Amino acid sequence: MIRVQTGDFDVGAELAGFAAGNGRVGATCVFVGTVRDYAAEHAGPGGWVTAMTLEHYPGMTETRLAAIEAEARRRWPLEDVLIVHRYGRLEAGDRIVMVAAASGHREAAFQACQFLIDWLKTKAPFWKLEHTADGDSWVDARDLDDALAARWDG
Amino acid sequence: MIRVQTGDFDVGAELAGFAAGNGRVGATCVFVGTVRDYAAEHAGPGGWVTAMTLEHYPGMTETRLAAIEAEARRRWPLEDVLIVHRYGRLEAGDRIVMVAAASGHREAAFQACQFLIDWLKTKAPFWKLEHTADGDSWVDARDLDDALAARWDG
Amino acid sequence: MKVLYFAWLRTKVGRGEEDLVPPAGVGDVAALVTWLKGRSAGHAEAFADLRGVRAAVNQDYAGWDHAVAADDEVAFFPPVTGG
Amino acid sequence: MKVLYFAWLRTKVGRGEEDLVPPAGVGDVAALVTWLKGRSAGHAEAFADLRGVRAAVNQDYAGWDHAVAADDEVAFFPPVTGG
């Protein structure tokens, strides 16, 4: 299941309904991304991130996230998949994204969960605008994210 | 933090207090293990696992889990670590274990979380006795678990 | 043709969406970009360095040689930074 | 010396814990096992095949050549299966 929303999500409540009643689940892996109050990329007085605004491409976002879920289900024997991603203005400490994968054993759950967030980070059309004391700046894509996503190629 | 207990735990409540208020956290990875109602190792009429009893070695369990947490913190820049493991009788669908790692970026959070459960599975003194329609049987250690733990050697 | 801009491309162009009718010769993404650069100084600046620009046609990623037609939705944006 | 048994070693030995005073020659885990095997048929069965047996001395994993002394806590158990 995928969801794109402005409001916060409750990880515990999401997990309570996740793969509910499915006795084949032995392993669930969850990743939660949050807004740090300090971006190492911005050293100096303006380095403190007070908030960010996440822009996205309505329509394409949902299509891409659904494709990422489908690919994960194709690659691993998953009992359930969840992607929740927020957009709009988020303050330091706020949750941004949650991805989860449930499977019989942990290898599949871990790999699928990493795959979901790696592909999401490089393929889902979201852009972060950081608000700092020095002003606003669009976050640059990280080469490391491309490298992490490339693990799953081929 | 480590905890060994007979009672259930609430993943959402655990995460609400996890790395609470720490603005350096950008990534949290969580693993939850549950009792499957079918163990593939037991094909046939007695294959349905109705429950299991987890035995442990009080004292050594806590010492080993604390050592695993310490090793994870030594290897990765972690803001928080949590291991909760139950013992005693557990029914199909029940939670067994939860491990979590929080860090600035997701690579450390994922790797530490996998490390925690891999080492826990091969080093923490717990033993599973499965109760099936055919009777009770002690679960054999999996070679795969040794292989997964060996990833973190050296 | 619906053309969308996101993130800093949107701020440079000065708007997020345009309904356009490119001339008949504009048959792929690259030709569309060349034509768009002539529309305003903001467009020219947004497309000055294409190394940091990605394109999507009808909500799927597309290369510069991907065909575009009158009823397509074409979007331009920097490499994504969500998650 | 406190000797503990877990999982199927406990069920074969028939108890989980014993307070014992091994003879003076029992200086390491291997010698302790040899001595324990003579205590009962259950002990002998528990230690019949040591490939599936692990040992801990004072709550840390120990090899067969690890020294044991009168006031040690020594535990025997199969490979762990928690998590």
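Per-chain numbering from 1; labels A, B, C and D assigned in written order.
Note that a residue touches a chain if its C-beta (ideal position, glycine included) is under 8 Å from a C-beta of that chain, and two chains touch if they have at least 3 such contacts.
Everything quoted here is computed from the prediction, not taken from an experiment.
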item	value
If a chain touches subunit B and subunit D alike, it appears here	none
Where subunit A and subunit D are represented by their mean Cα positions, the distance between them in whole Å	49
Euclidean distance of C-alpha centroids - subunit A vs subunit C, Å	26
Computed distance of Cα centres, subunit D from subunit C, in Å	73
Shared interface positions of subunit B, touching two or more other chains	33, 117
Pairwise chain contacts under the document criterion	A-B, A-C, B-D
Of all residues in subunit A, those that touch subunit C in their complex	33, 54-57, 59-60, 63-64, 85, 96-97, 117, 120-129, 138-141
Complex contact set, residues of subunit B against subunit A	10-13, 15-16, 21, 23-38, 40, 92-93, 104, 106-107, 109-110, 113-114, 117, 144, 148
Subunit C to subunit A touching residues, read off their complex	4, 6-8, 10, 56, 59-61, 75, 77-83
